[in-house]
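Just below sit the structures, each encoded as structure tokens.
Both complexes below contain chain A, partnered by chain B and then by chain C.
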Partner chain A sequence: MEKPRIVEELKPFFEPKGVAIIGATDKKGKVGNVIFENFKMNKEKGIFKGNIYPVNLKLDEIEGYKVYKNVREVPEDAELAVISIPAKFVPATMKDIAEKGIKAVVIITGGFGELGEEGKKMERDILQTAKENGIRIVGPNCVGIYAPDTGVDTVFLPENKMDRPSSGNIAFVTQSGAFAAAMLDWAAMAGIGISKMVSYGNKLDVDDADLMDYFIHDEQTKVVTLYIEGVKEGRKFIEAARRITAVKPVIALKSGKTEYGAKAASSHTGALAGADTIYDAVFKQTGILRAEDFEHMFDVAKAFAKCKLPKGDRVGIITDGGGAGVMASDAVAKFGLKMAELSKETIDFLKEKFPPHAVAGNPTDVVGDTDAQRYKYAIEAFVNDPNVDAIVIITLFQVPLLDEMELIDILAEYAQKSDKPIVAVAMGGKKTEYYAKILEDKGIPVYMTPERGVRAVAGLVQYAKYLEKLGE
Partner chain B sequence: MEKPRIVEELKPFFEPKGVAIIGATDKKGKVGNVIFENFKMNKEKGIFKGNIYPVNLKLDEIEGYKVYKNVREVPEDAELAVISIPAKFVPATMKDIAEKGIKAVVIITGGFGELGEEGKKMERDILQTAKENGIRIVGPNCVGIYAPDTGVDTVFLPENKMDRPSSGNIAFVTQSGAFAAAMLDWAAMAGIGISKMVSYGNKLDVDDADLMDYFIHDEQTKVVTLYIEGVKEGRKFIEAARRITAVKPVIALKSGKTEYGAKAASSHTGALAGADTIYDAVFKQTGILRAEDFEHMFDVAKAFAKCKLPKGDRVGIITDGGGAGVMASDAVAKFGLKMAELSKETIDFLKEKFPPHAVAGNPTDVVGDTDAQRYKYAIEAFVNDPNVDAIVIITLFQVPLLDEMELIDILAEYAQKSDKPIVAVAMGGKKTEYYAKILEDKGIPVYMTPERGVRAVAGLVQYAKYLEKLGE
Partner chain C sequence: MKEEALEIINGVLAKGRKSLVEYEAKQVLKAYGLPLPEEKLAKSADEAIKYAEEIGYPVVLKLMSPQILHKSDARVVALKIKDADELRKKWEEIHENARKYRPDAEILGVLVAPMLKPGREVIIGVTEDPQFGHAVMFGLGGIFVEILKDVTFRIVPIEEKDAWAMIKNIKGYPILAGARGEEPADMKALVDMILKVSKLVDDLKDYLKEMDLNPVFVYNEGEGAMIVDARIILK
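Now for the complex of A and B:
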């Protein structure tokens, strides 16, 4: 696929040769200090490979780094400018940036369009400078960019306030900055790996459509998640969405769905939230999966990041707890999937291998006295059964005779060699969390409840069907 | 209220003077060993105050405890028998128990009614012995009872497989044993306090209705949660439900909702799952709240355990992240609640106290540069506003200037002195979990997402409305 211009335009945001940090300061805790420290730390760790150029009129040096009075004075390799100075100084600084020839700017500063006419005028000035000089802007009023692999981190919250997630395959684009911070912090704990996070705030220039086009060509990104309050340019959004969903799944959480939500959104980012049914139609048309909430979005994203796509919608369930199997069966119906009708071979094989009190069927219940081997028979049979498209393995690790690590190795083996998606459900406490983390590291997404596991499979099925229809 | 007979009948299950452990063994990991060790450990800790009488034909002594050959030989203060011997020996043992005069029996053993006609016959024998001798039975095919305050713990999973939750105000009744184990393990991690857990498996005798009647009179229990696959005696269930919901909330998770689920349930516990609409109608009539899933059940239960009941359905939202405020507003609409229209006094007060970029409204957005004091103004105003019935406080602890402990103290103060329910939403990672735990210990339930927080409030409102209607 030919790379569009946007890929080159956005590249310096994620891997700049040099970064000018305008508003860098040595005052601990200040936005301009946290951002400087992020880059400095990542450079010391060898993750950020570029040069760091603090810009501050009043300082000569910060922690051994030479400080420049004006961005016009920084060396030629500066490709990205990050701005955290007060709003009123930003329009003039943009002119300096233009003069310098820097083409990528993150404006962290708030206090623009969201606060009325004066701010909107400043935004227009800034945008004009950008347009005239081929500059792309992320922001203003945002937390900017987090790219764990290249060490770009403009998130102005220090480590003692917010953890950073590790590198992974999920891109995350969000209008809301606070949500970005909360989500990154959560992802770090949940072991969700992020390829790139972009928080664009007032979305003066770079928007969802630009980022979708960029992520088409970003090899590290397998799935894109969007948190949206409103879309300004509908046509552009739809076209970009169609392009990316033909190759990668996109999951959107659009808030402001209801009248109450829309009203709150308008006082938040000034977004004109359109009638929600329009968004529903657009998402459906363009193959974007719509998430009900934050957990839904990342549950499904995690499945895409780790699983193969199913060939159909027939789900097979294996469980060691009958009750959990019932809940999962309910969820299969609730989310519009089908319970697989197991082949006679599968049933015969399981009946032969199982003790009489285990249930060969769908759900297959290996029951509470199971060992890992009994699970293996069930997985083997389900993987080989042509009537099963996707497999949900419920493992209550609490059962007494189960060797947890043996089961994990079996699951990892089949998840790799089978071309069917396999997701796991593990309900429980600290020990379950421990084993779930190992399982996820081995490529199997794990969910806390049967509903959430089945809902994630439903996301895979929905996207697979979209692709199938597209191919016809 | 006069105590019905059931309270006396079930008392020995939760606080026996002595317990006969039939099938106690010294073989580590075996069911009869784990149960014995549970009681022994709880006795050593001073939690279990009764005497322990292991019963095993083949042993003389286990870890210093005298072993009895037959339950007929144990001392007179034995009020509870716990059975974990193979199914075929249980009918005869029941006769011994009857002869001994023990009136409370937990049958852990499986392999009865769920496995066909022969097992059903044994069940009928056992029940006949019980009926003729005034014995009450929990089980068979169950994990039995966990009562943290009195040290009764028949859950046959050792600590290295499953953690135990601390004492609290939520009673948990479940048909499914594996679900019981997974849930206890989860509750321990989530800091959910349990008053009593009863897993009744095949429900040969003691059922949901009996337990609801018991919990009416159990002072420690503030809210009852039920996991049900099917109800056998509809009339009895309805009457007991009416009695308890007049004084305490009950939340039920009824699986086997869909055709798929009902089919799975029938092969699990042999429960004849009725048409789901009937359950819906019964729950509605009797004031039982129906949970969508496991997380929903305990989210709502936690709110009941900690919050006061709201006087109406008008919700006020305070947030430091605009996006989260939008999501919460959407949830208010989704769950059938109303956004409170703040009084002029509230708006004026907040406008006076707030900087211009903070939003006085509903949601009130204290914005990302908030300190704890700004939250305090908002909470103060919402608590005093007669148009607000319930308050949802969204606190993204990641924001840089917020003193977390100062905010926690403010929230705790208002949750105590206000007569309105206050719930908190905190999205994030490890640090958020840390602060959330402190907040919950101080009496404020905390939820991971705006949706879940608002859904919990919707549960409070639904029950408050039921009580109001009842009073008319």
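Now for the complex of A and C:
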């Protein structure tokens, strides 16, 4: 696929040779200080490979770094400018940036379009400078970029207050800065790996559609998650969404489910068309999966990041607890999936290998006295059964005879060699969380409840079906 | 297609109106090949009788006035008219009702239509979203749309697979598929209609604000569908 211009245009946001930090300061806790510290720390760790150029009219030096009075004076390799100075100075600074020839700008500063006519006028000036000089802008009024692999981190919430997630395959795009910060912090805790995070705030320039086009070509990104408050250019959004979903899954969380349509409609249809129903239509038509909430979005994203796509919607369930198996079966029906009808070979094989009190069926219940080997028989049979498209394995690690690490290695082995998606469900407390973490590190998504595990599989199935229809 | 439709739309706009009466709306739909009953606009009772004989009794009379968009509220529709005598009587009655409802109502004529055999009722509509543009709506008619709001939307232009998904997406789909021993409805005819509406909207998007085809009768598989009433509102 030929790379569109947007890929080159957005590249400096994620891997700049040099970054000018306009408004960098030595005053602890100030936005310009946190951003500077982020880059400095990442450079010291060897993650950020570029050069750092603090810009501040009043300082000569910050922590050993030479400070430039004006962005026009920074060395030529500066490719990205990050602005955190007050709004009223930004239009003039944009002109300096244009003169310098920097083509990528993150405007962290707030107080523009969201604050009335004066701010809107400044935004128009900024945008005009950008358009005339081929500059792309993320923001204003945003937290900007977080790219763990290249060390770009404009998130102005300090490391000691907000953890950063590790590197992974999930791209995260959000309008809201607060949501970005909360989500990054949570993702770090949940062990969810991020490829790139972009918070675009007022999206004066770069928007969801641009980023979707960029992520098509970003090899590290396997799945894109979007948190959307509103789309400005609907047609552009639809076209970009169609392009990316043909190659990568996109999951969207759209806030503001309240209806507005009824207010001024003179027809039946007008009265029934709420903003939300229209978004639903857009997502369905473009193959974007719609998440109910935050948890749903990342549950599904995690499955895409780690699993293969299923060939159908028939789910096989393996459990060591009867109740959990029933919960999973209920969820299969609830999310519109089918319970696989196991082949005779599978049933015969399991009956031969199992003690009489274990249940060969769907769900297959290896029961509470199971060891890892019994799980292995079940997984082996399900992987080989042509009637099974996706496998949900419920492991209550608490059962006495189960060697947890042995089971983890078996799961990892089959997840690797099978062409079917395998997700795990592990319910429990601290010890379970410990093993779940190991399991996830070995490439199997783990969910706290059967319902969440099955819902994640439903996301995989929905996208696989979309691709299948697309190919028809 | 587009030229014929635009001629009607421009005619309405030239009169300073923003909404098309049923007769005009149906002319626009006809230009795009949507399924409509054989109907004629009569200017006098004599003319109506002549048309009724061509169509065949029983017939329906619907009085067309730009000032009366809710015809049943104004009681200007007369159903199941059996013969010329009854037609003449109903002609007077609906004109009288129109005058009572809106003394200033301009009357464009009376639509003489056949009594259609009832089918399963669906609604196909159009609305414009400020961000995404025009969208087509599909749902089952009657209480399903009024109370349960069991409808689904897709953004124009709509592809065939989207049109099928619309029909299968609604909760009341089993009613169309044939619940309780009924024969399945002619869903292919509905898909065809949705695609034609999508084409119409794509062509006329600069003019069109909202549209309702409500109700549409859909018959059993192979027997097609028919638009009973239609409304178009311009920008």
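The rule is simple: the second predicted complex is superposed on the first by the 456 of 472 C-alpha atoms of A that agree within 3 Å, B and C clash if a C-alpha of one lies under 4 Å from a C-alpha of the other, contacts with A are read in each partner's own complex, and residues count from 1 in each chain.
Basically, a residue touches a chain if its C-beta (ideal position, glycine included) is under 8 Å from a C-beta of that chain, and two chains touch if they have at least 3 such contacts.
Bear in mind the structure is a predicted one, so any value in this text is a computation, not a measurement.
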Report task. Based on the superposed arrangement, let me know which partner A:D365 touches: chain B (first), chain C (second), both, or neither? Result -> first
Query raised in the report: Does the superposition put A:G325 against chain B (first), chain C (second), both, or neither?
Result: first
Query raised in the report: In the superposed arrangement, does A:E472 touch chain B (first), chain C (second), both or neither?
Result: second
**Report entry** Which of chain B and chain C A:I278 touches, first, second, both or neither
**Finding:** second
Query raised in the report: So, does A:F156 touch the first partner chain B, the second partner chain C, both, or neither?
Result: first
Query raised in the report: Of the partners chain B and chain C, which touch A:E233 in the superposed model: first, second, both, neither?
Result: second
Query raised in the report: On chain A, which partner's contacts cover more residues, chain B's or chain C's?
Result: B
Query - chain A positions touched by chain B in one structure and by chain C in the second - result: 261, 265, 267-269
Report summary line: Touching chain A in the complex, chain C uses residues 19, 123, 125-127, 129, 131-133, 135, 137, 139, 145, 149, 151-155, 158, 161-162, 165, 169, 209-212, 214, 231, 233
Report summary line: So, in the complex, the side of chain A touching chain C is made of residues 230-235, 237-238, 261, 265-270, 272-273, 275, 277-278, 280-282, 284-285, 469, 472
Report summary line: Seen from chain B, its contact residues with chain A in the complex are 29, 31, 34, 110-111, 114-115, 156-158, 160-163, 174-179, 181-183, 185-190, 227, 229, 255-261, 263-265, 267-269, 292-295, 320-330, 332-334, 339, 356-357, 359, 361, 363, 365, 368, 396-400, 427-433, 448-451
